[in-house]
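Which chain is which? They are A, B, C and D, in the order written, and residues in each are numbered from 1.
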Amino acid sequence: MNKTRLEAFSDGVLAIIITIMVLEIKVPHGHEFADLKPLIPKFLSYILSFIYVGIYWNNHHYLLHELTKVNAKILWANMHLLFWLSLIPVATGWMGEHNFAKASMTLYGAVLFFSAIAYFILQNLIISSQGENSVLADAIGKDLKGKASTILNILGIAFSFYNEWISGAAYLAVAFLWLVPDKRIEKVFASKN
Amino acid sequence: MNKTRLEAFSDGVLAIIITIMVLEIKVPHGHEFADLKPLIPKFLSYILSFIYVGIYWNNHHYLLHELTKVNAKILWANMHLLFWLSLIPVATGWMGEHNFAKASMTLYGAVLFFSAIAYFILQNLIISSQGENSVLADAIGKDLKGKASTILNILGIAFSFYNEWISGAAYLAVAFLWLVPDKRIEKVFASKN
Amino acid sequence: MNKTRLEAFSDGVLAIIITIMVLEIKVPHGHEFADLKPLIPKFLSYILSFIYVGIYWNNHHYLLHELTKVNAKILWANMHLLFWLSLIPVATGWMGEHNFAKASMTLYGAVLFFSAIAYFILQNLIISSQGENSVLADAIGKDLKGKASTILNILGIAFSFYNEWISGAAYLAVAFLWLVPDKRIEKVFASKN
Amino acid sequence: MNKTRLEAFSDGVLAIIITIMVLEIKVPHGHEFADLKPLIPKFLSYILSFIYVGIYWNNHHYLLHELTKVNAKILWANMHLLFWLSLIPVATGWMGEHNFAKASMTLYGAVLFFSAIAYFILQNLIISSQGENSVLADAIGKDLKGKASTILNILGIAFSFYNEWISGAAYLAVAFLWLVPDKRIEKVFASKN
């Protein structure tokens, strides 16, 4: 089984996830600039989730790059990842509609957390199918970034019960951590290819 | 006519089907955890349907893998399959909104049943176009899994008139039957390729 | 410029068009079988439109098969076709929600008519870019099927002012005309490839 | 990293953007022709945005054509472009629902403006990654069309505070500027390939 359709299907699902989130930003009923004001939290939560899905797409790209043989486990681990990512639009919508209310921040963090777990499972399955000396295993190394993200994510969830803004700052920090270009990974891939 | 666009179109439709189902999980009006409670049946029905569409995508992948020549019959049999699968989101939404009410379980089972029939037709057309000794014919063999699924599916529909939970258990059993990796099929494909 | 992305983009748009139509079949509020009854006209109109989009996808497939050089005119003629096809879901929804009311049958026919015109323009541009002796020109020949469809389509529009059922029969006849496998076209392509 | 998935993902997102806009044209409640009248501004705004997204897809196609090496900067510049384009459906819906009200024309112009900026950034990153003598740098030249568009776009935003129709005329002019086939660019590409 080749990976072309796995990539195509994942790209399709990720493209739809990233785009249907915008449907949560409903057209305002009035026609004045002031009518756009209630859309601001929705817009901000859309930006955050757009970046998150973008990061997952980007990392997914790297993850499958070295993959040569797709087996049933990898296929279902990929489905599992897409499942959690597909819940991002609902969590984003709830967060945006209620101005980052505490419970919505917990849910958002939980969806991000389970997405990260699903990604971690997929990553490990791919590495173990490729062998320990694979380019991917090299590139990921001790996966400090992944571990730091998970800790920040858990902190975000914990803080969401006390203060939604600290929680939001934690989620934002994770996004920035991944947005900053990762020289090391690019270098490893470049040198091996 | 080559199969690239047939795969691309099917992947597109399946990716959209699996993702628009999440639109049925409407953002709750309140902002407390308690407001998420009515979403639980919707969420559970989403999980079940996500797995079903995932299984169809997975099997579709195998089905077209060996295909070399697409003819008009195969093309329309594929459209027919996509048609029934496209009804899964509506059936899922009805089931989730009314807490697995009996009639919704019947409808859900019927959509699954017609999808299975459509898949069976497509499978037979592909095998007959490839010849009896094709890898696919070998891999499918007596199609015990397909037959068991159909029987469970029919039982699920029959029970939906009496008890929605037995019905649901039947649909769940079909999903598990296919989720368990099928060593035999993978082996046949691996040995022949 | 190559045609790969033109095909991919068209496949994407067609896959979305065919799938979002199902969103018009809203989940019923009640949970009895009787609550499904108002969905019947929506369901029937969905079937008809599904077949139409399927036919367009199928024919589009043939049309681009022989294409080697994409120019700006062909690209925009393709966009023009996608534009009209993208209106099918709205027209279908209106038709289904008002039980095939006369005005909705006129609109539906008009959308089909403009789609056919757009297809005809695209077909002519591709033939003229390929040369008169192209396989496509051969396969289409005098385009009797295209002409018959257009006449039936116009009759359907005209009748929609008097009787919606005759109008519907005309649209149905066009669909059947294209669903029946076209031995001639397949033969011409097969013999030349 | 190759560009295949970048193209596939962008095509997916653009296909969804261009198609979900049609969801803003809600099925009318009545079943007479007169009930279609309120849809006219929505329809007109849909046409304009369809052309805009079509132009972006077309230009994006050219932009990535010569690209050989995708780096993280290009990838995120592409995401940034998709982000602004994904806001076109909301802006279009607001404009269409309120009959091109002044504020909606400002917002629409702003979304187009930021899309143009994002496109400009992506274009520069690609040119600088390809070297000054790339075919793309040649084809774009002094980018007079891009500059004229930006000026017209800014004029459209400025006028939207006084008269929505002059503003609309400016946005329409930009669309026509790009719709007219660009002989020069096609020639440069044709001669170099």
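Throughout what follows, a residue touches a chain if its C-beta (ideal position, glycine included) is under 8 Å from a C-beta of that chain, and two chains touch if they have at least 3 such contacts.
Here the structure is a predicted model, which is why all the values come from computation and not from measurement.
The greatest centre-to-centre distance from subunit D, using averaged C-alpha positions, is reached by B.
In the contact between subunit A and subunit B, the residue numbers used by both copies make up under half of all numbers at that interface.
The geometric centre of subunit A is 26 Å away from that of subunit B, both derived from CA atoms.
Averaged Cα coordinates give subunit A a centre that lies 37 Å from the centre of subunit C.
Shown for subunit D are the residues that touch two or more other chains, namely 8, 12, 15-16, 20, 23. Put simply, subunit B touches subunit A in their complex at residues 7-8, 11-12, 14-16, 18-20, 22-23, 25, 27-28, 31-33, 35-36, 47, 50, 54, 57-58, 61-62, 65, 179, 181-182, 186, 189. Touching subunit D in their complex are the following residues of subunit C: 1, 5, 8-9, 12-13, 15-17, 20, 23-24, 71-73, 75-76, 79, 82-83, 86-87, 89-90, 93-94, 97-98, 101, 103-104, 106-107.
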